[in-house]
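Chains here go by letter, A, B, C and D, matching the order in which they are written, and residues are numbered from 1 within each.
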Amino acid sequence: MEDILTLERVSKVYEPNITALDEVSFSVKRGEFLFITGPSGAGKSTLLNLIFRAEKPTSGEIYFEGRPLSSLKKKEVPFFRRKIGFVFQDFKLLENRSVFENVAISLEIQGIGEDEIRRRVLKILERLGLSGKETQPVRQLSGGEKQRVALARAIVNRPKLLLADEPTGNLDSRRTEEVMEIFEDLNAEGTTIILATHDEALYAERHRRVLVLDQGRLLNP
Amino acid sequence: MEDILTLERVSKVYEPNITALDEVSFSVKRGEFLFITGPSGAGKSTLLNLIFRAEKPTSGEIYFEGRPLSSLKKKEVPFFRRKIGFVFQDFKLLENRSVFENVAISLEIQGIGEDEIRRRVLKILERLGLSGKETQPVRQLSGGEKQRVALARAIVNRPKLLLADEPTGNLDSRRTEEVMEIFEDLNAEGTTIILATHDEALYAERHRRVLVLDQGRLLNP
Amino acid sequence: MRFLKRLFLEFRVAAWAYFTATLVIVLGLAVFSFFGLVYSNLNYFTQKVAQELVLNVYLSPRITSKEVKKITSEIKKEPLVAEVRFLPPEEVLKDLERLFEEKELLSGISPDFLPPVLVVSFKDPFRAGKSLKELSLRLEGLPGVFKVQFAQSWLARLANLRRFLEIISLWGLFLVGLTTCFIIGLVVRFSLSQRKEELEVLSLVGATPGFIQGPILVIAVLQGAVASFLALLLVYIVKIYLDRALLDFFPGFQGGLVFWNASQITILISGVVFLCVLGSYWASRRYLRY
Amino acid sequence: MRFLKRLFLEFRVAAWAYFTATLVIVLGLAVFSFFGLVYSNLNYFTQKVAQELVLNVYLSPRITSKEVKKITSEIKKEPLVAEVRFLPPEEVLKDLERLFEEKELLSGISPDFLPPVLVVSFKDPFRAGKSLKELSLRLEGLPGVFKVQFAQSWLARLANLRRFLEIISLWGLFLVGLTTCFIIGLVVRFSLSQRKEELEVLSLVGATPGFIQGPILVIAVLQGAVASFLALLLVYIVKIYLDRALLDFFPGFQGGLVFWNASQITILISGVVFLCVLGSYWASRRYLRY
């Protein structure tokens, strides 16, 4: 199978002297389920941000479906991002909007019909145990509930690539199991998944490729 | 040993009909190390918020050192809060200020001398692996780094009671070990600790009292 | 339909910010248009007062009516002149008597001693004012003209007053205009900066700039239109009040103050709308992350 | 020392917000104080022009100087009167000649026909204006007074102009004042609402309201003082410019425009400081969580 994503000697340096990523190179095959792990501050979130083009690398190049991200024009960025779902570590939800609106937003921007949106959003909310919370503003949710809303928003539009940054950090073990099951289902349907986590239990016994980052360097390329 | 904290049939209802806590009663002895666990949305954070008087219970009474919190005047609240350290689940840091300033703030408000502040803050930052990050603004930190800053701020003024809401959710296992060690040390020095978490590994094999919340109700009072 | 819903949502989420921002714009604009009003009315008012000022051309006594006609047509050729009126000596005496408000004072004067007068009024007294001296010299050179005289001191005084008011109003208008522009821009920016995170998040989940800014810009248009309409309404109410108040002081006062005309109103409203849209556009653009 | 450090920190963290807020306040205030200035100068100016208006008391011809003295002292008793000047008939003729600007016109009039005149000037012509008619009737009743006459129409015209300007300036001042207060309050609030979370966090870690609000309020004081100082400076510069400009139009103009006096400046500055402090206090209080 061909590569959906390729990183070539990607570095990210924050001024003045923080090297968050140091010449990272790897490829991800279409349909792969990849774990990225490493201690706190290793550069996991930075790596996902670069892939999502929320930030630009200091040097090196990232290819998505064969196309270098540096060649993306500003106008193309939103359309590029629609192909990718991102569960942010700090959720990045619209705090004053309802749970439903937060999830629906990623379908609305694509001009999908209202009924279709309603059906898909309610289905995913139910699967994540958020039924009954649809109209509650996100700011009133518990930490775990917010995390699940962020997850719902990332997967509701069935992205080609799912980036999940610590998606179970606020969830109890039963919910974590459920979420991992959802990930496995999505992966089985063809979604490529990159999951950043420090929780060894998540990838243990799963026999997936695991990349280990430490101080911005890839320990097992 | 006498009770430092007593809850009597404490309920918290969010309008219109969310019962976050339902007649919870328990006591905490001075010097105890208590775990509160339960699934996402069980009411753990709500419980800690009520003890900290960030919110007021709908009914019931909370006694801290024998004094009912409902009798606290507005003017007394800040002085009450200084006796308690709180690691918030969403950190609640000053995003635009440096790591040092964020930790120092809880000493500054008490009018402690600058040298003393410097000494204590640097010591705790070192112990939490944040040396070298002192001048970095918090908004630039990684998730786990933020969590450790929040922790540092909560314990730097050696509170009588430490409330920790999911204090290791963003930390890798080695850091989690270190943090738990710090908690044990503090507890050994006499600090009462209430730690809310969904991570069973945290309290397994520790032989501490564990309260289990589910849908706002205490399963093992 | 869909867009309308999003518009409504947009408004609902930030209703307070939009409301206060609009209020500030209304007040700023009201001040601005009020002073515009003052400026144009002062202009109009002094103009009208000055209109009463005339040039008196004293003719030689016992001049023939043919000569008078010739001089009259001569004067009428001047581009500034609006009207020329002939006053025979008897009328001049009556005028003098009116001036002194008592006949006995002038009982020693007989009409024979008095020259007939041509009373010349001007289209634009203030513009005329500048070249009046020149003109009067020229007229004095005409045969049959005895003496040209005008209430120069009063005209000068009025003209000066007008210049003074003009400079002050223009400075005021400039200051108020600058402030209004600045405040509109800033308020729009402040009210959007409160939604920094929202805009950031929207741009991160793949919304196009058009999708995010669309409702914001449409609301900016509405905001600008509503604000300028309200401001004009407010000033119009003040104008009506002033009209009444003025009737008490100027018994002869008629027709009311001058208000902005249709094209000025159009310019004002579209200027404000443009400012709001531009402000919103720049402010919201800052928070998009592409 | 410690507090100063925190003050500096406070400023550093929110420098942009403080800077723009101050700028808005400066502009709003400049507009306000500019129009205050205009108002007091219009008052002063029309007052001065009106001062030139006098009441002419024509006396019976061939009146004795003793009678004149008696009438003069009689008139001087009136509380409104500033000065009484005696004009013998020869002077009256000269005045008339000056009015007509040509001796020949009045060649038929001999001084014997003309009465001597007492020229009465007033302390406050506009206040006098209202009771002038009454006064002139009373004076006419005095023995030896032939006729009382004054340039009523001009005085009335000027008085009306003044009333008109007064009403307009007062409305303007009111509108600008309201707007300025409102904008200061809002801008202070907006700039603090951007720091909502910071204030919330501080109150959650056990800081007292005094600790949190102290630097904010001190900065509000500085902000108000600096803003009103800059606004006054700006207006003062405009005033200097206007002084120069006015010299061109009013050749006799001297001494410059009236500027705010010390006590007015004090009131203005302390009012603004008060407004800033009050606004900051209320705005920051909203975000404390106790």
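Here is the rule we use: a contact is a pair of C-beta atoms (placed from the backbone, for glycine too) under 8 Å apart; a residue touches a chain by one contact, two chains touch by 3 or more.
Bear in mind the structure is a predicted one, so any value in this text is a computation, not a measurement.
The greatest centre-to-centre gap from subunit C, using C-alpha centroids, is found for B.
Computed centre separation for the pair subunit A/subunit C is 62 angstrom, with centres defined by C-alpha atoms.
One finds 29 Å separating the Cα centroids of subunit A and subunit B.
Separation between the centroids of subunit A and subunit D, computed from CA atoms only, is 67 Å.
Taken as a graph of touching chains, this assembly forms a single closed ring in which every chain touches exactly two others. Inter-chain contacts occur between A-B, A-C, B-D, C-D.
Considering their complex, residues 20, 23-24, 27-28, 30-31, 34-35, 38, 41, 45, 49, 58, 100-102, 104-105, 107-110, 113-115, 147, 149, 154, 157, 159-161, 163-165, 167-168, 171-172, 175-176, 178-179, 182-183, 186-187, 190-191, 193-194, 238, 242, 245-246, 249-250 of subunit C touch subunit D.
Considering their complex, residues 52, 54, 74, 77-79, 81-82, 86, 88, 92-97, 101, 105-106, 108-110, 114, 153 of subunit A touch subunit C. The residues of subunit D lying in touch with subunit B in their complex are 2, 6, 9, 13, 197-198, 200-209, 211, 289-290.
Remark: subunit A residues 14, 18, 37-41, 44-45, 89-90, 129, 136, 140, 142-145, 147-148, 165-166, 169-175, 198, 200 touch subunit B in the complex.
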